[in-house]
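The structures considered in this document are given below.
Each of the two complexes below includes subunit A, the first together with subunit B, the second together with subunit C.
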Partner chain A sequence: MAVIEAHNIRKSYGDLEVLHDVDISVREGEILGLIGPSGSGKSTLLRILDLIEPPSGGELSVFGIDVVAERDRWLDLRRRMGMLFQRPIVFNASVYDNVAMGLRYRGASGGDIDRRVQEALEAVGLSRYIRSRAADLSGGEQQRVALSRVLVTDPEILFLDEPTANLDPTSTATIERIVADLNREAKTTVLISTHDLAQGQRLAHRIGVMIEGTVAQTGSPHAIFHEPRSQKIARFVGVQNIIPGRVVSREGGLTTVAVKERRLVSTTPPPGEEVLAVIRGEDISLHRREPGYEEAENLFPARVAAIEPMAPFVNVTVDCGCDLAALVTARRAEALELAEGMQVWVSLQAKAVHLIPREG
Partner chain B sequence: MVNGSPVVEGFIEAINLIVTLNPQVVEITIRSLYVSLTATFFASLVALPLGALIYFYEFRGKHALVSTLQTLYALPTVIVGLIMFLLLSNIGPFGFLRLLYTPGGMIAAQTVLIIPLLMGLTVSALSGIDRDKRYTITALGASRLQTVTTVIAEARFAVMSGVLLGFGRAISEVGAVMIVGGNIRGATRVLTTAIALNTSMANYSMSIALGIILLSVALGVNVVLSLVQRR
Partner chain C sequence: MATKTGTFSGDAEIVSWRGDRGRQVDRCIAWFSIMGAAIVGLTVLAIANIAMAELADPAHLLEVAASPVVIGSILLTFLAGANAVLLLVLFGTPLAYVLARSRPSRLKGIVESIVDLPLILPHTVAGLLVYLLFMRRGWLGAPLAEIGLAFEDAYPGTVVAMLFVASPFFINTMREGFEKVPVHLENVARTLGAGTFTTFRTVTLPLSLRHLYSGAIFAWGRAIGEFAGVVMIAYYPFIISTLIYYTFTTEGIRVSRSIAFVVILVSLAVFYLLRRMTRLMGRYDDRV
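Entry: the complex of A and B
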């Protein structure tokens, strides 16, 4: 069941259009990651879904309630959700008072607040600072105070807006662990925006990619990273090879694409005649001599054109009629005794060649 | 009186006046503090809620209003004195209050003088609460009233700085209290007007003594201000 359903959401500030045509639905109990470049509208979308600010247009329902029509229910709905922001925000008061804010807004009793604030601070490992001034803590500690301030209110939906962008790896790991536990044990629905692709993959069950003010694609992490729907998405998710080609045939479930002098086969049904072949560097295997037994549908000789170390990988560009960038581990590169100009064999499964229509 | 310089002599005499708690000096100092503290209190009562209203509500001409307030920070004290004199005199609409040449009238004049300053500084103090903090307050489930009280509580030190600045302007001004109060000995004479009078009468030691006290008050305000701002 969808706890949030947004359709055609639009948001502008004056003449500046930040969001347009946003369609997204969030299922109960899932972790949905929002990835996208800075300025693609991730934070604005989260604020709209958390009912912090209204959309300029579109349909939005939260917990099954049409919030565009029922503005007077926003406060009640908002109190069932919580949001953690990118910059650690603490108020000029003690850690205790900071964490108690949401409970006080909800009119909780003094004893109840005491107990729950204690618990929330224990969960983030900050009980010893309960009487300290929050502003005196380090950035990572402040962010943990901010997180416990949200968690103490038991939100049914938790929004996290690039929560670890400014933090050290330890604080990042703590926050990621708490979020994952919360989702697993309390079944909290989580929406997290991040420009850290690895974090998106680690945490999210589903990923939405935001490009230039709209959600361009949603799907499983595998689908987003291996079958991006457009060139911009492919670029953003770090695909090394985006090569223009032309479809020449389709038979037996395989599409053949002419890329310069080379023909590549792909399992993707042809999306048009002019296409882009999208191939992740790590899906390309290199061999010293022609493999005797190879399942990959694409197999051809090539010449090593360039070798570029990118620890812990090596980025190898090979020329096989068209340039392909392969990502191999440093150890594998050593075993192959790679050198510029040497001949190698390239193998590539047809399902690793993803075809998208060429734009413009 | 050893070396005859009136300034040095005046200074020594001034110290003497302060140390011995000269009744006239004490009386003037207490009246000064009473008038300006009361004015600051009433001005805060009016200006803080109005400043908060301006900050929290979006309306046409908000920007112009804030600019006007900032211009009025430099409102000449004699102009306020003149206007208040006309309003409080027998020919004015508030003549029946019989406030002219009384401490009450001086309080009214100083209150009017510093209201724009306190309003403007309240608006800027609240504006110092950044966007992300306001989003956080909203996201935590604050109602409209809870949002207002949280923002004001968060800006309390900046608001307090504004109030102290207003008090500083009130106690150090001479134009308004001179015109409205009339500098009547034992009734409406305050530190600034007494300094002006004694200096013109070549009674330098008295002026210097009162000057030292006025400066000490200003220093005290600044000490409190810097303590507040360090928070």
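Entry: the complex of A and C
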């Protein structure tokens, strides 16, 4: 069941259009990751879904309630949700008072507040700071205070707006673990925006990609990263090879594409005649000599054109009639004794070659 | 003050106030200080001038200072000013919040101009505006007179006139304060389940207390200094500026100068104290 259903959402600030044609649905109990470049509208969308700001147009239902029509229920609905922001924001008061805010707004009794604040702080491992001034804590600790301030209200939907963008790796890991546990144990629905692609893949069950103010694609992490729907999405999810080509034939479930002097086969049905072949660098294997047995459909010799270390990987550009960027581990690159100008063999599975229509 | 000269950039040095005298002083800052001294000097000279004359005859000064008319008038002025400020805080604070949070629009521009109008108008014009509106036959004066609220030559008249001329000082300062409270702090409170008013009451207003306080002091200072605005609608009861003007025209310079000197001393003392109290507000005002 969808707890949030948004259709055709629009948002403008004066003449500036921030969101347009946004369609997104969030299923109960899932972690949905929103990824996209800065300024693509992720934060604005989260604020709209969390009912902090009204959309300029479109349909939006939260918990099955049409919130565009029923503005007077926003506060009640908002109290069933919680949000953690990118910057660690604590108020200049004790940690206890910070965490108690949401409960006080709900008119909880003193004893109840004491008990639940204690529990919430234990959950984020900060109960020893309960009497400290929140502003004296480190950035990572402040963000954990902010998280427990949200969790103490038992939200059914948790919004996280780039929650770890300003944090060190340890704090990031702690917050990710808490969120994952919460989703697994309390079945909390989580909507997390991030520009950290790895975080999106680690946490999310499904991912939505926001490009230029709209949700350009939603799907499983695998689909988003290996079968992006457009060139812009492919670029954003870090695909190294986006090469123009022309469909030559289609037989036996394989599409053959001419890319300059090279022919590549792909399992994708041709989306048109003029296509872009989308190939992730890590799907390309390099060999010192022709492999005796290789199940990859694409196999051809090539010449190493450039070697660029990108720890922990090495980015190897090979010329095989067209330029391909392959991503190999540093250790593998060492074993291959790669050098510019040397001959190698390239193998590439047909299903690693994803075809999308050429735009414009 | 800086006794050691620290270097900010290149060889520019911080002006040292104490010690190291005669060493390099930034010429630009020196000139600025000299020019500034002219302004401050003018005030000091004016006060010294009146003080010399008054302190030469302390008996007369004390007599004037202790007279019930003067004391009553000072109290009335301060009270009416405080009353006007109270009304401003009550009605001006919501307006300041709306102005701080709304997006620029034509309507907003018009409202801003109206708010600022008392700043631009000659005080006599302001006084006339207030008089015409609140006089016994005025648009507001007439219906309010029916329920027994008279403005002409009465305390309420003094208060509305002060309210009118002081309003931009409070509203603009308060608005600046609200603008400095980041919207995302309000958003945090709202995501935690606070409604709009609760957010305002528990987050925005506490963080703007310092601006509320200094806006109120500005407005109060402006209110108690008013003459032309007030005198049109409420010649009586005598506020301090009316009293000084009255004694100046009837009893001459000697008495009015003594009253003026008393007012200067009292005002200096009160505003100094009020400014000192701002320090106590700091603790509640720290930004996140």
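The criterion applied here is as follows: the second predicted complex is superposed on the first by the 360 of 360 C-alpha atoms of A that agree within 3 Å, B and C clash if a C-alpha of one lies under 4 Å from a C-alpha of the other, contacts with A are read in each partner's own complex, and residues count from 1 in each chain.
Basically, a residue touches a chain if its C-beta (ideal position, glycine included) is under 8 Å from a C-beta of that chain, and two chains touch if they have at least 3 such contacts.
Model, not experiment: these values are computed from the prediction.
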Clash or fit, subunit B versus subunit C on superposed subunit A: clash
Subunit B versus subunit C as contact partner of A:Arg235, first or second or both or neither: neither
Which of subunit B and subunit C A:Arg73 touches, first, second, both or neither: neither
Which superposed partner A:His287 touches (first subunit B, second subunit C, both, neither): neither
Partner chain(s) touched by A:Tyr13 [first = subunit B, second = subunit C, both, neither]: second
First (subunit B), second (subunit C), both or neither touched by A:Arg106: both
Candidates 26-34, 80-88 or 134-142 of subunit C: the single one with C-alpha clashes against subunit B: 80-88
Common ground on subunit A, meaning residues reached by subunit C in one complex and by subunit B in the other: 47, 50, 52, 75, 78-79, 81-83, 85, 87, 89, 91-92, 101-102, 105-106, 146, 149-150, 153, 159
Subunit A residues within the subunit C interface of the complex: 13-14, 47, 50, 52, 75, 78-79, 81-83, 85, 87, 89-92, 101-102, 105-106, 135, 146, 149-150, 153, 159
Of all residues in subunit A, those that touch subunit B in their complex: 47, 50, 52, 75, 78-79, 81-83, 85, 87, 89, 91-93, 101-102, 105-106, 146, 149-150, 153, 159
Residues of subunit B that touch subunit A when the two form their complex: 132-133, 135-143, 146, 150, 153-154, 156-157, 231
Complex interface listing, subunit C residues touching subunit A: 103-104, 184-185, 187-195, 198, 202-203, 286-288
